[in-house]
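First chain A sits with chain B, and in the next complex the same chain sits with chain C.
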Partner chain A sequence: MRAIELHELEALAIGAGILGTGGGNHPHLELLCARAAYAAGKRAQLLAPEELQDDMRIAVLAFMGAPLVTKERLPEPISACRAVRLMERHTERKFDAVMSVEIGGENAFLPLLVGMELDLPVVDADAMGRAFPEAQMASFAIRGLDVYPFALADIRDNEVLIAKAENALWTERLGRKAAIELGSIAGTCAAPRSGAEVKAHGILGSTSRAIRLGDIVLDARRRHEDAVAAILAAGDGALLLRGKVIDVSRRTTDGFVRGKVRIAGEGRTLDIDFQNEFSVARLDGEIIACVPDLITVLDAETTEAIGTEVIRYGQRVAVVALPADPIMTSPEGLHTVGPRAFGFDFDYRPFARRGHAGVPS
Partner chain B sequence: MRRIGIDVGGTNTDAVLLEGTTILRAIKTPTTEDVTSGIKAALAHILKDGVAREAPIGAIMIGTTHFTNAVVERRGIARTAVVRIGLPAAASLPPFIEWPEDLRSKVEGPTFLLRGGNEFDGRPIVPFDRDGMRRAAAEIAASGVDSAAITAVFSPLTDACEEEAAAILADVAPQVSVTLSSALGRIGLIERENATILNSCLHGLARRTVKAFRTAIAESGLSAPLYLTQNDGTVMLAELAERFPVLCFASGPTNSMRGAALLSGVENAIVLDVGGTTTDVGMLQGGFPREANSKVDIGGVRTSFRMPDVVSIALGGGTLVTPAPLRIGPESAGFRITERARVFGGPDLTLTDIGVARGKAEIGDKALVAEIGAELQADTASWVAGKIADMIDRMKTSAADVPVLAVGGGAFLVPDELPGVSQVVKVVNAGVANAVGAAMAQVSGEIDRIFQNRSREDAIAEARAIADERAVAAGARKDSLALLDVEDMPLAYVPGNALRVRVRVVGDAL
Partner chain C sequence: MRAIELHELEALAIGAGILGTGGGNHPHLELLCARAAYAAGKRAQLLAPEELQDDMRIAVLAFMGAPLVTKERLPEPISACRAVRLMERHTERKFDAVMSVEIGGENAFLPLLVGMELDLPVVDADAMGRAFPEAQMASFAIRGLDVYPFALADIRDNEVLIAKAENALWTERLGRKAAIELGSIAGTCAAPRSGAEVKAHGILGSTSRAIRLGDIVLDARRRHEDAVAAILAAGDGALLLRGKVIDVSRRTTDGFVRGKVRIAGEGRTLDIDFQNEFSVARLDGEIIACVPDLITVLDAETTEAIGTEVIRYGQRVAVVALPADPIMTSPEGLHTVGPRAFGFDFDYRPFARRGHAGVPS
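Up next is the complex of A and B:
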């Protein structure tokens, strides 16, 4: 176990943006909250997965609701703390550590904030390895672990417990209804996981991965160098294309921001579909990367991730693919987070690593 | 109708007298410490020989960088009380988060976090803590501050809490001038609260500045209504500007772009303002500058203002050129160009020298740059063209060719033909573009709000009605109001058909 250093917080924010694959945003407000806690003398403790005892109890945390609400109400880690306590009372067992359901975007910081408040370490792991829009897309649900009980709470004295649910879709449905009533934002604590379960079914090393990616960006920025190559090396990824955004179309349906981005460069055209997150990339019409692999659009100058809600014509970008965790690309993973789960009529194909034909290096 | 446009900059005060779109008179005078005498001097010039008696002056529009500079230079700003209503929500980050310490130490007054505020759908988070507000009001009154900023959670949706808090404060401390965050719009508590605080801390300066403007105008024998320009290229009545000085931020680049549009008659174009050290590039859409997407820092404070999307690059008439190997900028001779450039007998080779050698401009003594080789001229020109073409391409919103308007002292650097550009227009009278932009400005009203459980049409109609109302309050003629733009965006993960609608209307000044 080690303390996350102050300077690593900014790296985590940048890395969480990169792993957010266009959906999770740069967690600016959450970063400020973490810095405020550090200024008050607190430190988030990071617990490596191999340090987990099999019988440890881990709280899996997420904010559920609309990102817009957080912009007004500001991050509410207290609500997640209450959900954790509710779960402890319900199960009559204390938690030993906390972790995030998703490392991409705002949720990357939630376990740090809750951990500092409740004096619990943060497990270096998550359940997505990226950002996904819905709770059933977490690795624990994909692996068929129980998705109940599920606790959620707000910043008043409202606490809701889903004692049982038929499957992960029901947890998502019931939870989201409750979250809406609470003001479209709630802190949630999913079914408690044992240390053994996290080690077997979690996406391990996510927090340090995000910090490492962010560090690469910050370091390259200080030296006025291009960070893309270092990101690819550190993340075992591939460059899909460098170029300029030449077209963006966007519409919102069923609560999702859907659309397409077209990028031109090196005499080629890359089309990317998105549904909150970037989902499929086609180079000159040929599919070269798709969910659940991570497709991230980086600003060519700052190497920060560009979200699907703000990408616009004229931006100079480097589009990269990073590999999804093997849990996500297993048959049961693809059933939930593969291309068909997002409404595409083709099967998952891994992207080609650097140097392969058809992918410019 | 005749109008006067005045641009009060940090260095110069420019004034123009316009009849329709024709410039009758124009003058550049130095800005003075007291503001008043500089404006009077400018007005004396454009009004000489009794010109005001020939035809009445319909309106006076002033653009000023005063309020922006006050924040940037941390002067003339006042300590302000801050009230945030939203507990138990909105508690994780205090007011003044991330403010630069030197600014914060001058502005931060008594600060209160109170229970109240609303949900995204208008329900109260918890009942508003009126007793807490009364106690806060008493403390504010006792503290001696002159201004206060009140921000409630989701007030752009419903401003009831802010209104109630203001009424309580007015009851206890009527002398304190108040800004409600709902008047400044935009979802995003921290940025809206920051804007509200900045606005309140400028109230005293705004009153003094507007008074100086009025004095100068009255002493020049004029009685036309006075308007101040805003950062979106429109104007508001001075009495409104006194209450909302932050809306005047960054009106300089906006006025310059608007002026370029009016002087050239081109309403959709990229504008290149080429100065001595930098070139500002912006985009005009329908005669108005395109607004930036991102958050805007004012003096180090994150806000949510409507700011023109302007990018600056190190390229100007004073940019230094080193031959063999060719290196251009980013260093510039800057304001010392008249001592340092070759055409003025100086030692440094600048882009102005290259331009004169190529016959693109007549500045200084051409004989002094006669020995610059054709190859260096051509290489430099192609570097400049490449740099400008790249900037234009970045600004464009589609691949189609666009016209380019070149203004500023270094406009001659802009090549006559550029890739992706339909036409390069060198704007005449570009030196007073700011004052022209101010003189020709219209009055706007804007609303940015979330509507629920209404059809898209009803939501837009309701937003339009509010925007119209606001434009009239800002000094627009009701019968002249026209829709400038409508944006609507359904919100992810929010139930009840939540639709965020932003509407902007413009009309003519009274």
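Up next is the complex of A and C:
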């Protein structure tokens, strides 16, 4: 176990943005919250997966709802803390640590904030290895673990528990409706996991990975260098295209932001579909990357990730693909998070690990 | 404690219809369910309020959702039984008896069905003395008792618990959304009540009252007499008008059925507004009865109540008013169930206890 250093917080925010693959929102306000806690003398403690005891009990946390709302109502760990306490009361067992359901976007910070509040360490792991829009898209659900009980709380005095659910989709349906009614944002604590379950079915080392990616960006920024090549090397990724955003169509439906973005560069055209996160990339009409692999649009100047809700005409970008965790590309994984789960009529194909050499500096 | 006799079941159904004041649905299918249980040798046990021990624990039951759905999916006590068991697990206390949140309509039968299933007696009481459309309109909530926890279950394997709620309106909002997601119908178990609380804040004797009203109708039917006068005498009510339904406007909005019905007779016109239940009656434009008093439209031939969802042009009817329980007409009661709570811009006025003598036979 080690304390996360103050200077690592910014790296975590940048890395979580990259792993957010366009969704999950940039954790800018969460970063400010964490810094405020650090200024007050607190420190988030990071627990390596190999330090987990099999019978430890881990709270899996997330904000559930519309990311946009967290821009109006400042993020706070209180609602998630109350969801944790509700889960402890209902199951009559205390938690030993916390972790995030997804390392992508603002949920990367929630376990740090809650952990500092409740004095619990943060497991260096998540259940998505990125951001996904729905609760059943977590590795624990994909591996068939029970997805209940599931606790939600808000900043008033409301607490809802899905005590039992027919399956993971029902947890998502019932939880989503409760979160919407609570103001389109709720702090949630998913089914408690044992240390053994996290080690066997979690995506391990995600917090460190996000910090590492962010460090690469900060490092390159200090040297006035382009960080894309280093990100690709560190993440075993590929550059899909550098270019300019020339078209964005975006609509908010069924609680998600959906749409397409078109990027032109190097004489070619890259079209990317999104549902909260970027899902499919087509180069001159040919599919070159798709979910569950990570498609991330980076600002050409800052190398920070650009979200699907804010991407706009004229931005200069570099689009990269990073490989999904093997749990996500397993048959059960693809059933839940492959292209067909997002409504596309084709099977998953891994992106080609090419182009490292060809990255223009 | 006494067994409810087989022949009383039909009387209960008719009486619950009358006290349903147009909503809550006629409990025809629940009557069939209860008869099936009786045919299998079971008997519902009725516990008089004075038999309640102060420290007894009572489960307050209801189907929550759209009454229409219970006409497509046959009523069953299983979902409510699972809500009861969830509440027992969460609060770590067993129940000693069950009761209905509302005596009006099909919810009058739910505690009988659940009681026979779980071998628990049915308290001769409810929390509305009629039917009301929303959960916060119960006497326990009006008297300021905690309205959580609140448990819901469906016929699949889904169980939801409102562990805590800011206030009664939040229980209604969160419970309603969960019930809708569960298929627009859920078995619910409201906050556990002690025997002392039921005696102090419940509406006592409602099951007996419903059976008595139903008996009057059955009795008159056997003698080929008109039962309206006897109902008015037994219920301290007033005849508002006899006539013919000449217009109905009905729309389903926000999960409720709302509208107006116009009845013409004796040279006069009676307009009645409804939101699930009949709420305000105007005779030639003048308000003569309003919530929380009971406005019931009786079929002129059978003297059975006609629901707001099925009332139609051409029906011959007698419209009666029956007085609300004093809890409902207290200042706190009127705040929650008076005309303003239903969106009308006037204060409650009791209906005139007149017309007994003038009832045409």
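Before moving on, here are some points about what is shown:
Just so it is clear, the second predicted complex is superposed on the first by the 354 of 361 C-alpha atoms of A that agree within 3 Å, B and C clash if a C-alpha of one lies under 4 Å from a C-alpha of the other, contacts with A are read in each partner's own complex, and residues count from 1 in each chain.
Definition applied: contacts are C-beta pairs under 8 Å (C-beta built on N, C-alpha and C of every residue); 3 or more make two chains touch, one makes a residue touch a chain.
Owing to the predicted nature of the structure, the values given are computational and were not obtained by experimental measurement.
Using the contact criterion defined above for the overlaid structures, shared-chain residue A:319 touches neither chain B nor chain C, since it reaches no partner.
Once the two complexes are laid over each other on the shared chain, residue contacts for A:65 go to chain B alone; chain C is not touched.
Applying the stated contact rule after C-alpha superposition, one finds that A:164 touches chain C and leaves chain B untouched. In the superposition on chain A, contact is made by A:74 with chain B only, not with chain C. Look at A:257: by the touch rule set out above, it reaches chain B but stays clear of chain C.
Within the superposed three-chain model, A:156 lies in touch with chain B and with chain C [touch as defined at top].
Of the two partners, chain B and chain C, it is B that touches more residues of chain A.
The intersection of chain A residues touching chain B with those touching chain C, taken from the two complexes, comprises 156, 180. Residues of chain B touching chain A in their complex: 86, 88-94, 97-98, 119-121, 123, 125-126, 153-154, 187-190, 293-294, 393-399, 489-495. In the complex of the two chains, the chain A residues touching chain B come out as 29, 32-33, 36, 65-69, 71-78, 155-156, 180, 183-184, 244, 246-247, 252, 255-257, 276, 310, 312-314, 316. Chain contact summary for the complex, chain C toward chain A: residues 86, 89-90, 151, 156-166, 170, 173-174, 177-178, 180-182.
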